[in-house]
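Same chain, two partners: subunit A is paired with subunit B first, then with subunit C.
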Partner chain A sequence: MSTQRLATVLMGALPILFVLAIWQALCSFGFAPPSLLPPPGKVFLRLAQQLGSLGFLDDILATMIRLFAGFLIAVVLGVGIGLAAAVVPAINAVVRPLVQVLAPLPKVALYPALIILFGFDHASKITLVTLDALFPILLSTYYGASMVEQKLVWSALAAGTPRWQILFKVIAPAALPSILTGCRIGLVISCIVVFLAEMISSTDGLGHLLVGAARTFQTVDMFVPLITISLLGLMLNGLLYGLRKYLLRGFPEV
Partner chain B sequence: MRDKVRKLSSPSERRSTGGRMQVPLRPEIDTGTGATSDERARAMIEIDRVSKRFETSGRKSHLALADINLTVNDGAFVSILGPSGCGKSTLLYIVGGFVAPSEGVARMKGAAITGPGPDRGPVFQEFALFPWKTVLGNVMYGLRQQGVKRTEAEAQSLRLIEMVGLKGFEHFYPKELSGGMKQRVAIARTLAYRPSVLLMDEPFGALDAHTRTRLQNDLLNIWERDRKTVLFVTHSVEEAVFLSDKVVVMTRAPGRIKEIVDIDLSRPRVRAELLLDSRYQKYVVDIERMIDDGRDDAEHP
Partner chain C sequence: MTSARNIIATLSPLLACLGLLAVWQVVALWLDTESFPTAWHALQTVPQILGDPEQLLNILDSIRRMVIGFSLAVLISIPLGLAMGRSARVSAFFNPLLMMIYPVPKAALMPIIMLWLGVGDASKTLVIFLGVSLPVIYHSFQGAKAVEEKMLWSGAAMGLNGLQRMLRIVLPAALPEILTGCRTGLVLALITMVTSEMIARQSGAGNILFNAMDMAQYDTVFAMIIIIGALGIVLDAAFDKLRWRLVKWAEPHQEILLGAS
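Moving on, here comes the complex of A and B:
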């Protein structure tokens, strides 16, 4: 079992190593000048150095706080509104048109307004992350909860479950696979948006580091935050995958 | 509509079908007024002039059930048999309180049915087990809902799981079980909260022939212990005759009761003996013919 698991992890690592090899080849064979595209070895070495510096860790921390806060608020709101809309037709009547109008809106366009409202610090970035991660979570929760097999509900009602408890005892657990799929998409979007927000205007965070390095033409320092955010995303995705596997251990399709 | 039901249950019709068959058929269509006081007292379920109309797209509505009258006595095993789409499952859902009738009323022990309740336990063809709960968790669910303490609910559930032949699988998830095992869990889950009536909606319809036979035998054995009232929907004539005291034959849409056949075979029933019994064979052939007649009616109105 464990060797099988190791094999899957190695299989997953292969494509990543392949991309790194191409990157290295581009540098080694002189297709890209080292001043524009530094070799991966140099970038990872710099990353290792940076991980020892308190300033860099502070930037990671700032990004992670925004990422987590924004994502978690989006999960609470998305799951809550999604379930409520699926169960109460009156709430659905209010939420549905709002979602249809707001979901396709580029939330980044609201960022200047958010800065004016909440300032340059955490609050404006957290709000932006929440706004962007909210809709995939809300929509997949809503559809998951709407498509719960009727006979599960009937079985619970016949067993004596009061109607108001059906939401928590049947609909929410039955919709869990969809909810977690929405969370996974929301998490990826959160990683992207937190970085973007920090690039646009910030005094700290990984996105801010990248912009700073780019302005002073320090290409190695430019790649370090990029690698960091993708490693961060990889780790968080792994955590969520583990959580999903545990929570959905009884469900057939996982 | 009602004329047709009357015609089917008229004495001349009875005599004509009775004459064709050696086994007497006694259609007992209870109109609610003709029942004796003794029958009233023993009646567990009364279906009184129930119709169900489904609103479909456009202006047309679909009449699924038309003017159903049926009384199921306490402790009776009654099968509802009919072609697919005849509304037999809908009738069961109305008794379960999951679906409201468009006209008429269904009563349980004399009280009108307004919603689902633990006195009527459903078993569905699709099993409808909770995938996030283990076998034990599924079986315990109803008991916990009834306010039974965890340790007591667990002890009772373990006994039930053993009774349906799944000892050793308590901590398995439904996805790890075969179809037949899943349906055993579903039966145990429903039996756990001790309903007065079992409502079985083609419970063995999704199973292979061998598993189906085994579950039929096991269901009869379990039923023999306390003789709960069972309302059993099926489209298999053999299954209906093998299991039931009474077989209700329905016509195709809109569903009406065509005949009610009393199955006068002794219990406990042993499959191997029954299959060779000419009376059993006669019931099967006669009921199959009844269903075929219905088909001719539909093709040549």
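Moving on, here comes the complex of A and C:
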């Protein structure tokens, strides 16, 4: 079993190493001038250097504050509205058409309006992240909750659970896998959007670093924020996966 | 009874639109600043933009790039996703790499890709292609993985070879899930389209939007937001119709817009 696991891990590492090797080869055989594609060693060295500098850590912190604030607001709103819409038909009648209209809207296009309304600081970026992460979470909560078997609700009622507790004791736990799936998609989208918002208008954050480096053609510095956001996304994804494993212990399939 | 319900179902998104516009109007009147025009003003600017041949051409350019990038991504991602779903080896090979690329904002690659391919169509189409392909690969992967083993066995027993089984069993069975991925991809294509044009200010809808923003032409900004938003809603609705035709037989629970891991 463990050798099989090892083989799977090695197999997965192959294409990543392959990409790195091609990257290195392009540089060392002179196909790409270093001003257009810096060698990977240089980029990772620069990343290590930057991680030691306070300014860079400040930028990461700014990005993470926006990311977490936006994402958490989206989780609270998405799960709340999703559950409410699944349980109360009247709320459903209002929420459904609104979601139908707002979900396919490209939210980045709203960003200029958000800047005008909320200014250039944290608020406009957090709002954009919330808007973009909200709908996947809301929709999967809604479908998860409306898919709960009626029998479960009946048995809980028969066992003497008060009506108002059904939501928290039966429906929310039963919808949990679906909710967590939605959160994962919301998280990936949050990573993407916070970076874009910082690229459009910002004075700090990883996206701002990329734009600054692009304006001065510092190619090495352009790759560093990109790799950082990718690693950040991977780490958060891993954390969420761990949380999912923990919360869903005892569920038939994770 | 059913027809009345149908009418309500078709009218309700329209009512939602009107409601949102009304809220906008009220907020704008209440704030009463020049930088936040009323919904009515913005709507009046829409025909001006669409009537200007240059602007219209710009927007059509955007749509062309999006269609090309989207189609290429779908054509390549579906076979890859299906192969990953049916073969543990292929999925073990590609999965970690794809997991690493997924959280990278594709439009953020724009400045780098611009250095290689220039500011023209090629780099923007490539970025849209990258943005669309990941969700499509993922959903095709999940869809193909969930196909019942028994159906494949029956197919094999009836003499279908590997390729035929892929085309006649796995593809139709995974289709609802694949289409869910395509819908997510469509939304992402629009987002990447706008942002790529925002970064490479050369042509397109995003270019008009953010140039107007920089020049403080707020009527144009909000009119462009309406146009891009309408584009998103119309494309999504059209895609939903197509999906409905293709997978009428599947249960309606597949409508999770950005769903499935």
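Convention: the second predicted complex is superposed on the first by the 239 of 254 C-alpha atoms of A that agree within 3 Å, B and C clash if a C-alpha of one lies under 4 Å from a C-alpha of the other, contacts with A are read in each partner's own complex, and residues count from 1 in each chain.
Just so it is clear, a contact is a pair of C-beta atoms (placed from the backbone, for glycine too) under 8 Å apart; a residue touches a chain by one contact, two chains touch by 3 or more.
Just so we're clear, the structure is a prediction, and the values are computed from it rather than from any experiment.
Novice: Report the partner of subunit A that touches more of its residues: subunit B or subunit C.
Specialist: Touching more of subunit A: C.
Novice: Check whether A:Pro173 is in contact with subunit B, with subunit C, with both or with neither, and answer first, second, both or neither.
Specialist: Only subunit B is touched by A:Pro173; subunit C is not.
Novice: Given the touch rule stated above, what does A:Pro15 touch, subunit B (first), subunit C (second), both, or neither?
Specialist: second
Novice: When the two structures are overlaid on chain A, which partner does A:Gly212 contact: first (subunit B), second (subunit C), both, or neither?
Specialist: neither
Novice: Going by the contact rule set out at the top, does A:Ala156 touch subunit B (first), subunit C (second), both, or neither?
Specialist: It touches subunit B, and subunit C stays clear.
Novice: Report for A:Met222: first if it touches subunit B alone, second if subunit C alone, otherwise both or neither.
Specialist: The second partner, subunit C, only.
Novice: Would you check which partner chain A:Met147 touches, where first means subunit B only, second means subunit C only, and both and neither mean what they say?
Specialist: After superposing on A, A:Met147 lies in contact with subunit C but is clear of subunit B.
Novice: Now for A:Ala109: first (subunit B), second (subunit C), both, or neither, which partner does it touch?
Specialist: second
Novice: Can you list the subunit A residues touching subunit C in their complex?
Specialist: Touching subunit C from subunit A are residues 8, 11-16, 19, 36-37, 93, 96-98, 100-110, 112-113, 115-117, 135-136, 139-140, 143, 147, 178, 181-182, 184-185, 188-189, 191-193, 195-196, 199-200, 207, 210-211, 214, 217, 219, 222-223, 226, 229-230, 232-234, 236-237.
Novice: Show which residues of subunit C lie in contact with subunit A when the two form their complex.
Specialist: 12-13, 15-17, 19-20, 35-36, 89, 92-97, 99-109, 111-112, 115-116, 186-187, 190-191, 193-195, 198-199, 206, 209-210, 213, 218, 221-222, 224-225, 228-229, 232-233, 235-237, 253, 255-261
Novice: Subunit B touches which residues of subunit A in the complex?
Specialist: 149, 151-152, 154-161, 170, 173-174, 176, 248-252
Novice: Flag every residue of subunit B that touches subunit A in the complex, lowest number first.
Specialist: Residues of subunit B touching subunit A: 96, 98, 115-118, 120-122, 124, 126, 128, 130-134, 141-142, 145-146, 173-175, 189-190, 193, 195.
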